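Common to both upcoming complexes is chain A, partnered first by chain B, then by chain C.
Up next, the complex of A and B:
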């Protein structure tokens, strides 16, 4: 049975004026419509149109947050421009990213990549993380370039490269000159790359990473972290030799 | 003139207290309701030296430090707002974590990277995506990571013993009665009090305004507590559910498995909807299946809100696993820290267990049945379900 779109008019009016603490009962109708949109392209399109208008309008942070949650579940390329416009907004960036991260289409990846080159600070860490979560191999070069900058961003970049685990990512990590907290992030990412290589059967590449890390730690680790890294490298070497 | 080097009697140990070099040095992160209980258990052990607490709430932090200082008769316990400072201390061997659930994965992974062992309150995961990453971190660094449901082994003997002994035969189905998933939170903004670091309380969760009902640590799940809300908890389904599903899955010896599918049954005949998991070996685990629908089985065992249904043909049994060391699940963890053995609720077993309730929550939310591909850690052929594998994460907190 087709969903009654007219039944959504009043809830969407309420959503446009919503803020935290207001009556939220009307959300149930919109939630139900989002579930009913599964396999119903027409309903999904109508919802995306209405959601997009709310994101573009002067609605509250609470409204935009709710809309992003719905688009995280049902959003398509249609919603990408409205979501992308929020990526540079400090208040709403993380929720827009949440939705875009889940839209498995090139338009969404392109929006995140574009924002990566624009935003700074924590927002850049968000973009790095979302691109890695998507497994976006096209962003390896851009993320690698961040290894030499701000230490916090560089640590996030290292983690992302570990998630992506391509040979290029591993090479960038091997060439990094980490300091302080970033050193732990780089080592962790390199171990992740080695595990990925092992899983793919590339023992030679894995062994090279484990050997390099093992040599850097030495046989007399001084801290808990160094001992744990040594354990990881030694175990990895054994696995790579099997 | 140099001061004389003094070795205290506490450092040397005595007949009941091991020397300092043999004690496990512990810190606690999240030291409120459950955290204070965990702290008490560790603090009461002579083979543990408790040195630090961390909490974003000043009163809990102060109380936690006070309990440690009171125990040792000094003022030495350090108190931190930011868990990263506690993890940076190299003298700490292990941590216990009892924060709201949205912090569990990030803190556990960070602790493993820092070379710490971890005792982690249940439910160990908030999302399906987190589990494999936590296991990977534990295995990568050779860490002991124990989940924290003390009830799994201790509270469900009525179903565990006859199931493991084989006396009721081969187990076919389990019914679990426990509350449902968490809900969205739309509470109004209230002025943030000075004794909480609200930004750090939220951490990776989406930004929302402070409201005491959003972050209250009470055990309710019907509103007015963080356990009620989607961004911080899986609701009763994963909170008490961690115990009930843990006990049921342990009784059914399913801890090494993850469900193969989840079936959504719409409301019917005045009864609400319910959901059924099916494991690869054919065992079904039902959540809140209406009583009249339960088929008669030759053999049924009851463990509180759990019933197990078996075929009634006795089979060869096997011994029920036990905790290592002394002192229940806490002793199990400490013993494993010393011996490097796997604890009773090893993180991988905990993650497997919690996969069931997380799948159930997604099936309720989407109102449809789903198939789970364990090797890919994804639902098969359902893009919207896969979009629910993780929650929103606010920068700079990343997995």
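Up next, the complex of A and C:
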């Protein structure tokens, strides 16, 4: 049964002026439309058009957050530009990533990769995290380049490379020259890579990582963390040798 | 059709399965390198890495040859006893019987106590009926070994343990502590085939054995064991032992799935008993309760024989619920001696507030009021006031509160009020009344603990009861 688009006019007008604390029950018909849009390309297109206009306009953060949540459910390549435009906006970047992370299309990943090269600080960490969550292998090189920079960003990059766990990611981690807290993040990421290799049956690659970590700590660990890493590396070595 | 589908699914799964999984499924033996690595870690004595190696012993590296190497070569060569004990535990968890001969040798040898105990546990985990005689022989050894053997005989999978131990239990040459250990093992194995042996042990010459057997029968026994348990009760030589035996019989008669049959069996034994035995059995019978027992009790109370009447009154005073309240009220009013009166009154004070005494809260409170009117001594009144706090209603608070004004009963009333106030739901639901009552308690009591509790409840806090 076709959805009555006229019934959405008033809720969309209310949504344009929405802010936190106001009654969100009024948008239940928009929620229902978003659900109905699955399998209804025409309705989906209409909703994306209206949502895009709200994202582009001078609406509140509350409105944009609501829209991003809906686009995470129904968004297509049509919505990517409007969402991408928010990635550099400190107030709305997080919710735009929330949507783009879940839109399973190459255009969404490309938008996140592009923003990675533009934004700085916590926004950059957000892009790294979203790309890793998407399992975006095309971002490995760009993320690897961040290992040598700002320590916080480098730690996030290391964690992301551990999640992505490609041979290139493992190589970048092995070549990194970390210091302080960053060193712990790199070791954790390398262990994650080794586990992923082991799960895929690449024992040789896993063993190389475990051996390298084990050798770097030696037989006399000094801290509790070193002891834990040594145990993890030994366990991994035995598993890789089995 | 289904079979074809299953084959297709299997082919697809195998096509995408990782090589490691395929190797494991094919039963590929572990490489010498990895075995050597594990052995090296075990021998290293490294506290961090030993668990990593033992994890592999427990579940990773399969193969009888490796098991034998660990048990026959690595285990005896370890320098530290705690490492030997840890490897023994891992070999036991590994579940490979190939380790059993070496572990058995260690259990039989002159190893340190901690190692020997671990070996004995290993024998239990890997062994079966063939090892039971050895474990049984350890029961006459040193204390540490006996404990390990006891645990092993409880744990070992064998159907000859209970029959062998049942025979051993009847062996008078065995010491009391040994027979006591055997009763414990039979009890923990919970095999019904051991029940006749436990019944026999209920009349053992050793009081500890009798007690342990009765406790086991209380947990495991049924109607068939009641005659034997009655013999155990009659064999008890002290009040404490009689009380334990009584508790075990009541447990069977009230908790067993055939509890009515158990109660009937108890009644049959009572009817067949001589007068002296009846005197011992009647209080137990009374604690079980029921119409048939009440008929006997009524008959005894009506008897012209003073001894029979006293027996009946004792039984009535121990009744488990309030179904006898009218009888008790009537008999208290007609008591011929003060001793008789106190005993019956004690029964009323006990049953009036019982949680499952067949009365609703209002009925319980009414019975408390009736009982109070019969009390002649302040110590009985005080006891009744304190017991009344088990009726958790605001009406109880209203009943108890005026007694705070009576100097001789004030502390009992205060105690009862703080007990009621301890029930947060009751207290919060009647906040004004409780706050006023607690103020009165604080102004009256000389007892520091009661005052502390009253203060806490006023502030909305709780109070932790000291463990007995």
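Throughout what follows, the second predicted complex is superposed on the first by the 242 of 242 C-alpha atoms of A that agree within 3 Å, B and C clash if a C-alpha of one lies under 4 Å from a C-alpha of the other, contacts with A are read in each partner's own complex, and residues count from 1 in each chain.
The criterion applied here is as follows: a residue touches a chain if its C-beta (ideal position, glycine included) is under 8 Å from a C-beta of that chain, and two chains touch if they have at least 3 such contacts.
Since this is a predicted model, take the numbers as computed values, not measurements.
K.L.:
Will chain C clash with chain B on chain A after the two structures are superposed, or do they fit?
P.N.:
fit
K.L.:
Touching A:231 in the superposition: chain B (first), chain C (second), both, neither?
P.N.:
Touch status of A:231: both partners.
K.L.:
Of the partners chain B and chain C, which touch A:136 in the superposed model: first, second, both, neither?
P.N.:
The answer is neither, since A:136 touches no partner chain.
K.L.:
Is A:95 touching the first partner chain B, the second partner chain C, both, or neither of them?
P.N.:
Touch partner of A:95: chain B, not chain C.
K.L.:
Give me the angle at the C-alpha centre of chain A between the C-alpha centres of chain B and chain C, rounded to the nearest 10 degrees.
P.N.:
In the superposed arrangement it comes to 10 degrees.
K.L.:
What is the contact status of A:199 with respect to chain B (first) and chain C (second): first, second, both, or neither?
P.N.:
second
K.L.:
Determine, for the superposed model, which of the two partners chain B and chain C contacts more residues of chain A.
P.N.:
Between chain B and chain C, the winner on chain A residue contacts is B.
K.L.:
Quick one: classify A:48 as touching chain B (first), chain C (second), both or neither.
P.N.:
neither
K.L.:
With both complexes overlaid on chain A, what's the closest CA-to-CA approach of chain B to chain C, in Å?
P.N.:
9
K.L.:
Could you give the residue numbers on chain A that contact chain B in one complex and chain C in the other?
P.N.:
The answer is residues 227, 231, 235 of chain A.
K.L.:
Spell out the residues on chain A that touch chain B in their complex, using ranges where they run on.
P.N.:
Of all residues in chain A, those touching chain B are 20-22, 24, 27, 35, 38, 61-62, 65-66, 68-69, 72-74, 91, 93-95, 97-98, 102, 104, 122-123, 125-126, 128-129, 133, 152, 156, 159, 184, 188, 191-192, 195, 223-229, 231-232, 235.
K.L.:
Show which residues of chain C lie in contact with chain A when the two form their complex.
P.N.:
18-21, 30-31, 33-34, 37-38, 41, 46, 48-49, 51-53, 55-56, 60-61
K.L.:
Report the residues of chain A in contact with chain C in the complex, numbered from low to high.
P.N.:
198-201, 203, 219, 221, 227, 230-231, 234-235, 237-238, 241-242
K.L.:
Can you list the chain B residues touching chain A in their complex?
P.N.:
90, 92-93, 112-116, 136, 140-143, 184, 186-189, 206-209, 365-368, 383-384, 387-388, 390, 392-396, 398-399
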